[in-house]
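The next part holds the structures, each set out as structure tokens.
Next, two complexes with chain A in common: one pairs it with chain B, the other with chain C.
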Partner chain A sequence: MSDRLKIFLLLAPALTAIIVLFMGGLGIGLARSLNYMPVIGLVDPNFDAYVTVFTSQEFYLSFLLTLHISVTSTVLSSILAIGAALLLRRQFIGRAIINFLFQLNLTVPHLVGAIGILYLFSQSGSFARLAAEWGMISRPGDFPALVFDPYAIGIILQYVWKEVPFIGVILLANMQALGEDYESVARSLGANRWQAFRHVLLPLIFPGLLSASVMVFAFTFGAYEIPAILGPNYPAALPVLAYRKYTDVDLEARPEAMAMAIVIALLSALMIFLYVRISRRNIRS
Partner chain B sequence: MQNDSPWLRAFRGLAGAVLIVWLVLPLIPLAIWSFARGWFFPDILPKQWTLSAWEYALSDRAGVIDSLGLTIGISLAATVLSILVGVPAGRALGLYKFRGKELIELLILAPTIVPGIAVALGIHSVFITLGLNNTVGGVVLVHLVPTLPYMVLVMSGIFANYDPAFESQARSLGASWLKTFWYVTFPAILPGIIVGGLFAFLVSWSQYILTLLIGGGRVVTLPLLLFNFATSGRNDITGAIGIVYILPGIIILILTARHLSGRNGAVGGFGRI
Partner chain C sequence: MTHVSLKDLTKVYPGSKVPSLDRLSLEIPTGELTALLGPSGCGKTTTMKMIAGLLTPTSGDVTFDDRSILREKPEHRGVVMVFQNYLLFPYMSVADNIGFGLKMRKVDKSEIDRRVGEMLDLVKLPDLGKRRPSELSGGQQQRVALARALIVQPKVLLLDEPLSNLDAHLRFEMRDLIRSLQQEMGITTIFVTHDQEEAVVLADKVALILDGRLCQYDHADVFYKRPANEAVARFFGGQNFIPGQSSGTAFDSALGQLALPQNAITGKGTLTFRPENVKIGPSQTNGLTAILEDRIYLGTQTRLRLRVGETMVEAIANPDEVGDFEVGGPVPIHLPPQALWVLQ
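And now, the complex of A and B:
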């Protein structure tokens, strides 16, 4: 058997699955967003759904909220994860516990984390009760709104909780594979701690950090259940808005939902492209 | 670097302590709520403790046990499917160089960077014509979309460090294809199958929107049940179901912990995207 045939046969099942399910899903979504469905006699594609999407104020507000959630969560999680990985490289009391908790956290679904954050930070949650105990507030309404709030603080807290261990585990694996020789050389040549980190370690762990944080960005941009539990009702995060349109009793809204899904995919791709370009330029220079 | 100052060590200890507290904190109110009876503001702890949420959650009428079985079944099926489809693909990408390889890698990894909702609405339309909506089989298939990339990623990392010459040696010594696979290939790639399978299981285990859309509310996995109780304000039952929902992941983690240490090449495979 030739190598070409072997490669083709090995890849065939995975490619079939991805092309039918993933590309098929995107393709049908695109066709329906253009109101093109020959099966039921719709043969004249049009851009009506996109016009509706791009002329509604709610869409822009939702987009800004979602962008804010994704950028803030990704940047915060990445920075904290670098710190955590640097910490876990060293021998200290509690290291084994944190290592275990990191892996444990990876197994906990986002939905559970969202409910936990809700019970901690809502206006009648654990922190509000502690504030009342210490006489800082007298009624639940006095506690600052950290969930269902316009700044999406609860959502971001949940993502930071889940994604710091995710990025941290990947970075730690990279750091352990690298060892400390490169930094030791830099230190012995007179670099200080910061310089050794910034110009030696960071560029070395950068590919791992970039791919992990791109995954985080895409996830936070497209996740449904976390903003559905912790987010404001208006403007809702884009995925929540798309799902609402899709399940609207008015079937006319379906092409609009499909258009929104396609726009989410395109925006996510665009953001990731920009993010990769900007961070490559800043880290590699 | 052994010359760390005491201040730096103290800072590390403090940062470590904060991290430990923050990592467990969101799970604590869930656990307390599951044993609480009417835990109102401003009580720090419930005035009365009860097992009634657990009694309800574990009773037949709540459907939690059925849902747990269904969720385990769906995630196991999705994991087995992504192992069967993902291991060969990982072999092709890890062992061979060929034209168009980068494009195929991009295609296989695309589901990890394209938001699920964007694909899910379209798949829902595809599945209507195939009659797969509202079925367990349809849900298992759709879970392949987010699980497969992780499986292929881990396996291509494993195969990149794998020497296929051992297989030809076994073959030249008269071993059959099956024996060669069983005694040579399989033991060498087993750590990858365990780690990739674990990722796939956990990714499938935490799916919400794909199951909701394709299952059409008929395939009620644990996250769907949990979401319903959480949004209807039954915090005590939500707490109990939440604990039931995270236990299998913790058990699997403890069973596979030795495969997940930072030294396992499979985890580092993420740097290769």
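And now, the complex of A and C:
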């Protein structure tokens, strides 16, 4: 058996799943977004749904909100994860325990975390009550709106809480594999601590940081459940908006939902492309 | 132009009871090339890192021209360390690697380019500035690492096993390059190695460190002729150690009475002589008859295991000299007095 055939056969199960499920789903979605649904007699494809999507103001507001959520969560998580990894790679007493605690919330589902945030940070949540109890605010309702708020602080909080250990674990492994000798070289060549980090360590861990943060970016851009639980009603994040259209009583709205889903997919691909380009240019030159 | 001194330099790593380096004192004169020699784990890299400021000593001091540098940050010490595995920054071009130190000092871009060009010429890699480190051979990477260190004109240059990753023919080339650059720029240079050959070939003076302690600090040839103790002699390939009694002019042992060179110590001691100094053939002075136990032909030399009475003697001889002697038969040998050395 030739090597090529062997590789193809070995990859076949995974490829089948990807092609049938992913591409198939995308294909059907695309067809419906173009108003093509032979089962109910729609056989002339058109761009009506896309026109509706792109002419509604809500779509743009939702896009901006979603972009804000993913960029802010990704940047914040990345920065905090770098800091955490820098601390955790050092030798100190109790390091194993801290490391364990740091990674613990990797196992907690997003949904559970979101409900936790709701309990803690909402205006009727524990912190609001405590603050009122201690006289910091006159009643729980005066607590700053961190959930369902227009700045999506609750959502970002939840993503950061969940993604810092994810990126951090990857970076920590990365840093431990590198050791500290590269930075030692930089220091002895005259770099101060910050320069050694900025010009040596950061570029060295950059490939790991980039792949981890792209995953976070893509996830936060397309995820539904967290903005659905913690997000504002209007404008809603794009996936929430798309799902609402999909479950609308009016079946006419379905092609619109599909069009939006396709647009989300294209946008996240575009955003990832831009993100990779911009960060490459800035970190490694 | 910097005179380096180490004063009772000691390092005990946290959680360890035994010091990795125990009260090391050394004077390294301006512009000299000194080797710190010892097996791995003897504390030599620890010493380098403390001089470079990458590790803090437990006690003791490091001074440059009589001024302590321990409080200075690594980037302000004027010490550059070149690591064994070169550690070129993989994402930068060769030229950017060499210019790194100047960039950190915020030197003008045009000035950096000019000096990088000079450095590339100096290490004989004029056309490789645009390459990535991964596209270079080991020897070329070593040169780039050296250029990257020298461009900042360090007061003190530290080299970690500078020749050990190189092929035999590259070693001499690199040795010549390091020596000539070091002499030309007059940089006080310290390098560490576990390989006595590397130390002897490259250094003005050698400091032998065993188990975290300085055993002997001398010119290279002294380690072969007059080792300080048995451990030093063994480290340098000594194999013959014969206990006995010295009268100052003669040594009484299982080998009989042997004439000693002048100024030998008196009293109980251990006689040592290098395998290559055992001469084949009869002689009036210190002549012995040995039985040939084994011989190993090594191309340019032959290793002999000899027995004199009950005492084993290791010898290395020219293959032509030992052509006819058969294993089990007698071999006349002699030990020239000037090749003998008595250890306390």
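Here is the rule we go by: the second predicted complex is superposed on the first by the 279 of 285 C-alpha atoms of A that agree within 3 Å, B and C clash if a C-alpha of one lies under 4 Å from a C-alpha of the other, contacts with A are read in each partner's own complex, and residues count from 1 in each chain.
The criterion applied here is as follows: a residue touches a chain if its C-beta (ideal position, glycine included) is under 8 Å from a C-beta of that chain, and two chains touch if they have at least 3 such contacts.
As the structure is a prediction and not an experimental result, all values here were calculated from the model.
Of the two partner chains placed by superposition, A:Tyr50 touches none, neither chain B nor chain C.
In the superposition on chain A, A:Ser188 contacts chain C only, with no contact to chain B. Of the two partner chains placed by superposition, only chain B is touched by A:Val112; chain C is not.
Legend: residue contacts after superposition of the two complexes on their common chain; A:Ala177 is shown touching chain B, with no touch to chain C.
When the shared chain is aligned, no partner comes close enough to touch A:Phe63: not chain B, not chain C. Of the two partner chains placed by superposition, A:Tyr275 touches none, neither chain B nor chain C.
In the overlay built on the shared chain, the residue A:Ile97 is in contact with chain B alone; chain C does not reach it.
The partner of chain A that touches more of its residues, comparing chain B with chain C, is B.
Note: residues 184, 187 of chain A belong to the chain B contact set and to the chain C contact set alike, using the contact criterion stated above. Interface residues of chain A facing chain C in the complex, by the touch rule stated above, are 91, 181-182, 184-192, 195, 199-200, 203-204, 206, 284. By the touch rule above, chain C contacts chain A in their complex via residues 14, 49, 52-54, 73-75, 77, 79-81, 83, 85, 87, 89-91, 100-101, 103-105, 148-149, 152, 158. Interface residues of chain A, counted against chain B in their complex, comprise 3-4, 6-7, 9-11, 13-15, 17-30, 32, 39, 83-84, 87, 90, 92-95, 97-98, 100-113, 115-120, 124-126, 128-130, 132-133, 140, 158, 161, 165, 169-170, 172-174, 176-177, 180, 183-184, 187, 205, 207-208, 211-212, 214-215, 218-219, 221-225, 228-229, 239, 242-243, 246, 257-258, 261-262, 264-265, 268-269, 272. Chain B makes touch with chain A in their complex at residues 1, 9, 12-13, 15-17, 19-20, 22-30, 33, 40-44, 84-86, 88-89, 91-93, 96, 98, 104, 107-108, 110-123, 125-126, 129, 141-142, 144-145, 148, 152, 202, 205-206, 208-209, 213, 223, 226-227, 230-231, 235, 238, 242, 245-246, 249-250, 252-253, 257, 260, 262-265, 267-268, 270-273.
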